[in-house]
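Each in structure tokens, the structures are laid out below.
In what comes next, chain A is part of two complexes: it sits with chain B in the first one and with chain C in the second one.
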Partner chain A sequence: MKKISKAKIDELFKAISAKETLYIPVDDSEGQAAFIPYAEGLKMSEDLNTVRSAKDLFFPQVESLVNFKMDGKHIEIIDAATEKKPFVIFGVRACDARSFDILDRVFYYAEPKDSFYIERRDKSTVVTLACNAPEETCFCGAFGIDPAEPAGDVSAWQDGESFFFKANTEKGEALLAGLPLEDAADDAADKVKEDIRKITAMLPLKDLDLSKFGPGKTQELFNDPAWATLSESCLGCGTCTFVCPTCQCFDIRDFDGGKEIRRYRCWDSCMYSDFTQMSAGQPRPTQKERFRQRFMHKLVYYPDMHEGLFSCVGCGRCLRKCPIHMNIVKVIKTIGEEK
Partner chain B sequence: MQAVIKKKAIELLESGTVNRVLGWKAGEFFYDLTPAVFTTPEQIEKDFVYSVFSGANMSKYLIDESKKEGKVAAFIKPCDGYSFVQLQKEHRIVRENIYAVGLACDGMCDMREIREAGIKGVTSVEEDGETLKIGTIYGEKTMAKKDALLERCVHCKSKKVVDCDEMIGENGEENRDCGRFDEVEKLEAMSPDERFAFWRSQLSRCIRCNACREVCPACSCVKCVFDNPNSGIAQKAAASDFEENNFHIIRAFHVAGRCTDCGECSRVCPEHIPLHLLNRKFIKDMNELYGFYQAGADFESKPPVMNYTTGDAEPSIVYARGGDK
Partner chain C sequence: MYEDALIPKLGVVTQIRVETPDVKTFRVVGADGKKPFVHIPGQCAMLSIPGVGEALFSITSSPTVEEYIEFSIKKCGCVTDWLHSMEPGQNVTIRGPYGNGFPVDTDFVGKDLLFVAGGIGLAPLHSVINYCRAHREKYGQIDVVYGSRSMGDLVDYKEILDDWMKEDGINVHLTIDNPQPEWDGHVGFVPNYVTELKPDISKTVVMCGPPVMIKFTLAGLMDLGFDRKNIYTTLELRMKCAIGRCGRCNIGSKFVCKDGPVFRFDELDELPNEY
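Here is the complex of A and B:
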């Protein structure tokens, strides 16, 4: 294990950013935390989590795919992909780190492979940070995630004086090898871990029961009458999907500038009225079907396709951000309790 | 207050005055209330909550609810009441199908303010006079209620419920001196470049979740132009970041004269963009150019931008008011 005094964290950030772009969570003028490239003078946010998740760095909200230039009858096709540079993300929480596994199964390993996503994943080094102060909205434990032992290429912990680092992969070792760090005992972060686990044992959502969900539950849950009441006041906005670290749906659109067309992809939301709309019509005509889709995907369809892995990580962003406070926990409890 | 409201809701159901009640339903925590329709006294006993976290403006739900079979009871706070009247003026809700109970209100709290004050892991809250005693997994904290108020309550423009069938608590008065234009004045005092930079920075956070539009009682179009794929403008993230900026400006134009300044857009924005300032700028301009106007304050008046009078400002006014170009 390695360590650095907290007073020297800027030295560490400078050393990393001298070689590669370093993303750290930073508060903006309104106190909203986001991962942005480190520059001297920036301070790491003290918030537990960023508003948008760390998935943005691999799967950005908008991305150009290809451009077309028209000149008379001649159409020039321009590849919009740019070569990605290696980068480091510092301060990813355990929940967001798990979300990368979930997205990898869709974009990295499954066919067709997503070259944009793969290139970013390959060129990134993820430094996670244990959660010293989990919030009431946290329920990562329900998915077997331990906020005291976050995954990633490097895991980090902090106490009052120091940051501690442990490399988990070759990429992680390579990163740590070039940094101004001191050696620390292997058990140096154990006290921090112990303190975190004392808190996770007190979290109000720690006993969330997922036993009614998972592979093979489609028939049983699809026509549950609770979907109608749960979705009753859903506004049909896309907040939950856009702050979600595991939502992965996108749309491909053309922006027609007259002589030039830009083909881009952007995040889509199953909450929107034109999501998966076909020439034959809309297979999910009301908010009830759209709402059901979102939660069935996370709790049943995705686990069906991926060895029982749920595509929720319990980060709690939807609990905090939904304008009407409807969320996956209420769905799990309502449908779970009635069965 | 909650006990009185619940009693009233049950009484309305049991007497057959209404067959359902629109209200706030208890969540996992004390603050995460969800708008819901209650159909039995048992449901109301169990889950109906009215607290300082009942901020959600329910008027927009009445567009659909008032078109269903039978009467629905609705509890209307003063600021919600302006939306309630405005929607009636726009013939969007069927008043005969609603039993409206006005609620006196002294301000609603915002979890975001509580969290931003550094109070994390909240599990309970208790009102102790002007103080909120907040239980957290990290011990008990206290905060002045006035520091936890929603922005719209800090600058409360009115305590008057314009239209209701009965009141719970005493009906209040408008307060035109509420300081709600102070922030707009600060923006007006900026140079055009500074103002441009301010809005570009604020709107750059927009994720196009459309929560502001979906929650807005003035955004009641059956199908929004942004939801029409053939319109050439995108509902989701757009090709250029300026399109996002444009979305909010177009929306502010579209609701100008009909926006009651209920503040829901800013309350729900997951990125904490002060969207209400766009609307307030329009309201302030209209007040200055056409005389004071409050959307939803009565059933007769016409919004200044939809009503021609010979005394109207000439279009050239933009040169006088446009700042240095």
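Here is the complex of A and C:
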């Protein structure tokens, strides 16, 4: 294990950013945290979680795929890929670190592979940070995630004086090797971990029961009458999908800029009515079907396709951001408990 | 050039045939003048006109055709309108082939096949039917029941008359919805025609067409005693990526673009009714 005194954290950030782009969570003027490139003077946010997850860095909200030029009957296909440079993300929480595994199964491992995503993943080094103060909206534990033991290339912990680091991968070791760190005892972060686990043991959602969900539950849950009541006031605004670290749906669109046509992909939402609209019909005609799709995908369909892994990490973002206070916990409780 | 499945290749439309008032067949080759890829009957490809958009179409030509691939496309929106307005020699972009296709070299082998199509639904079946004609020895009896609103709406009518109907190994039963002076064939809806023909329940059935046609034909076949395991259809949902990535086309835990578009009815029974 390695460590650095908190007073020297800027030295550490400078050392990393001298070589690669370093993203850290920073509060904006309204106190909303987001991962942005480090520059001297920027302070790391104390917030538990950024408003949007770090998935933007691998799967950006908007991304060019390819460009075209049209000239009469002739089309020219033009490369739109920009060079992707190595980068480091510092301060990813345990839940978001798990979300990368979930996205990897869609973009990294499934055939055909997503070159854009893979390139960014391969060029990134993820430094996670244990959560000293998990909140009431956190339920990562329900998915077997331990906020005291976050994954990533490097795991980090903090106490009053220091940050502690442990490399988990070769990439992580390479990163730590070049930094101004001191050696620390292997158990240096144990006290921190213990304190975190004391808090998680008291969290209100720690016993969330997921046993009614998972692979093979489609027939049982699809026609549950609770979908109608749960979705009743959903606005279809899509906020829950945009802040969610595991939501992965996208649209592909063309923009005609005059000289060149840009084909890009951008995040889309299964909560939107035009998501599945066809000339011949609409398989999800009301918000009930769209709402059901979002939660069934996270709790049943994705686990069906991926060996039981749920596509929710309990980050609590949708609990904090939904304008009508609907969220996945209410779904799990309502549908899970009535049976 | 950056490589990704979402980045298309260049294609050239070399021939356009008018099939019906709203359906044209497009012959497409790659930029090198050759067939862009090898496919299985029932698979699809994404065609696009940059600036207008991409759309998915069944490949209607048989894999046995070495020189090109073809699509029969119904005019119904931005991309399809544009395709219908263009002239041969036009570049398009193309990516594919996508989807599972029909089990022509496994489950279909040795079976009597009954193809049931309505309107543009012949498009995905055209490829299978011609593949089966080219490998006639592998299959038992082949019957085709095909119907449209009117005579003028029958896709591939000339090929059906000149090739299919003149061949010994294939029985074609055409029907149109309403009588027409120049039509001396069967008049009536496809589902009724299928039941009138009293097909043997040992046949493997492949159906493609508008949802109402599928619904009533299926009901008729069930009454006759057919097994849902022996009835195939193709599904259509809105698609963007066509490779199981964009999350748009799932029915329960299956992506129609990747796990379909070909499904057996016993497989569909396992899925939620959301299509």
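Note that the second predicted complex is superposed on the first by the 332 of 339 C-alpha atoms of A that agree within 3 Å, B and C clash if a C-alpha of one lies under 4 Å from a C-alpha of the other, contacts with A are read in each partner's own complex, and residues count from 1 in each chain.
Here is the rule we go by: a contact is a pair of C-beta atoms (placed from the backbone, for glycine too) under 8 Å apart; a residue touches a chain by one contact, two chains touch by 3 or more.
Nothing here was measured: the structure is a model prediction, and the numbers come from that model.
> If you stack the two complexes on chain A, which partner ends up touching A:M305: first (chain B), second (chain C), both, or neither?
Second partner only, chain C.
> Under the stated touch criterion, which partner chain does A:G238 make contact with: chain B (first), chain C (second), both, or neither?
The answer is first: A:G238 touches chain B but not chain C.
> Have a look at where A:D256 lands relative to chain B and chain C in the superposition and call it first, second, both or neither.
The answer is both, since A:D256 touches chain B and chain C.
> Which partner chains sit in contact with A:S115 here, chain B, chain C, both or neither? Use first/second/both/neither.
second
> Which holds for A:I199: it touches chain B only (first), chain C only (second), both, or neither?
The answer is first: A:I199 touches chain B but not chain C.
> Does the superposition put A:A15 against chain B (first), chain C (second), both, or neither?
neither
> Using the superposition on chain A described above, determine whether A:L210 touches chain B (first), chain C (second), both, or neither.
Neither partner.
> Per the contact definition in the header, classify A:W267: touching chain B only (first), chain C only (second), both, or neither.
first
> Across the two complexes, what residues of chain A are contacted by chain B and by chain C?
Overlap of chain B and chain C footprints on chain A: residues 251, 253, 256, 268, 277.
> Given the complex with chain B, which residues does chain A contribute to the contact?
28-32, 34, 48, 51-52, 61-62, 133-136, 199, 202-205, 229, 232-233, 235-239, 241-243, 251, 253, 255-256, 262, 264, 266-269, 272-274, 277, 319-321, 323-327, 329-330, 333
> Report the residues of chain A in contact with chain C in the complex, numbered from low to high.
So the residues of chain A in touch with chain C come to 65-66, 68, 70, 73-75, 77, 79-81, 106-107, 110, 112-116, 218-219, 222, 248-254, 256, 261, 263, 265, 268, 270, 275-281, 283-284, 289, 293, 296-297, 300-301, 304-305.
> Under the stated contact criterion, what part of chain B meets chain A in this complex?
For this pair, the touching residues of chain B are 27-29, 31-37, 56, 61, 111, 116, 120-123, 136-138, 201-202, 205, 207-211, 213-215, 223, 227, 229, 232, 234-240, 267-268, 270-274.
> Where on chain C is chain A touching in the complex?
That would be residues 1-10, 50-54, 76-77, 86-87, 89-93, 210-211, 236-238, 240-241, 243-253, 270-272, 274-275 of chain C.
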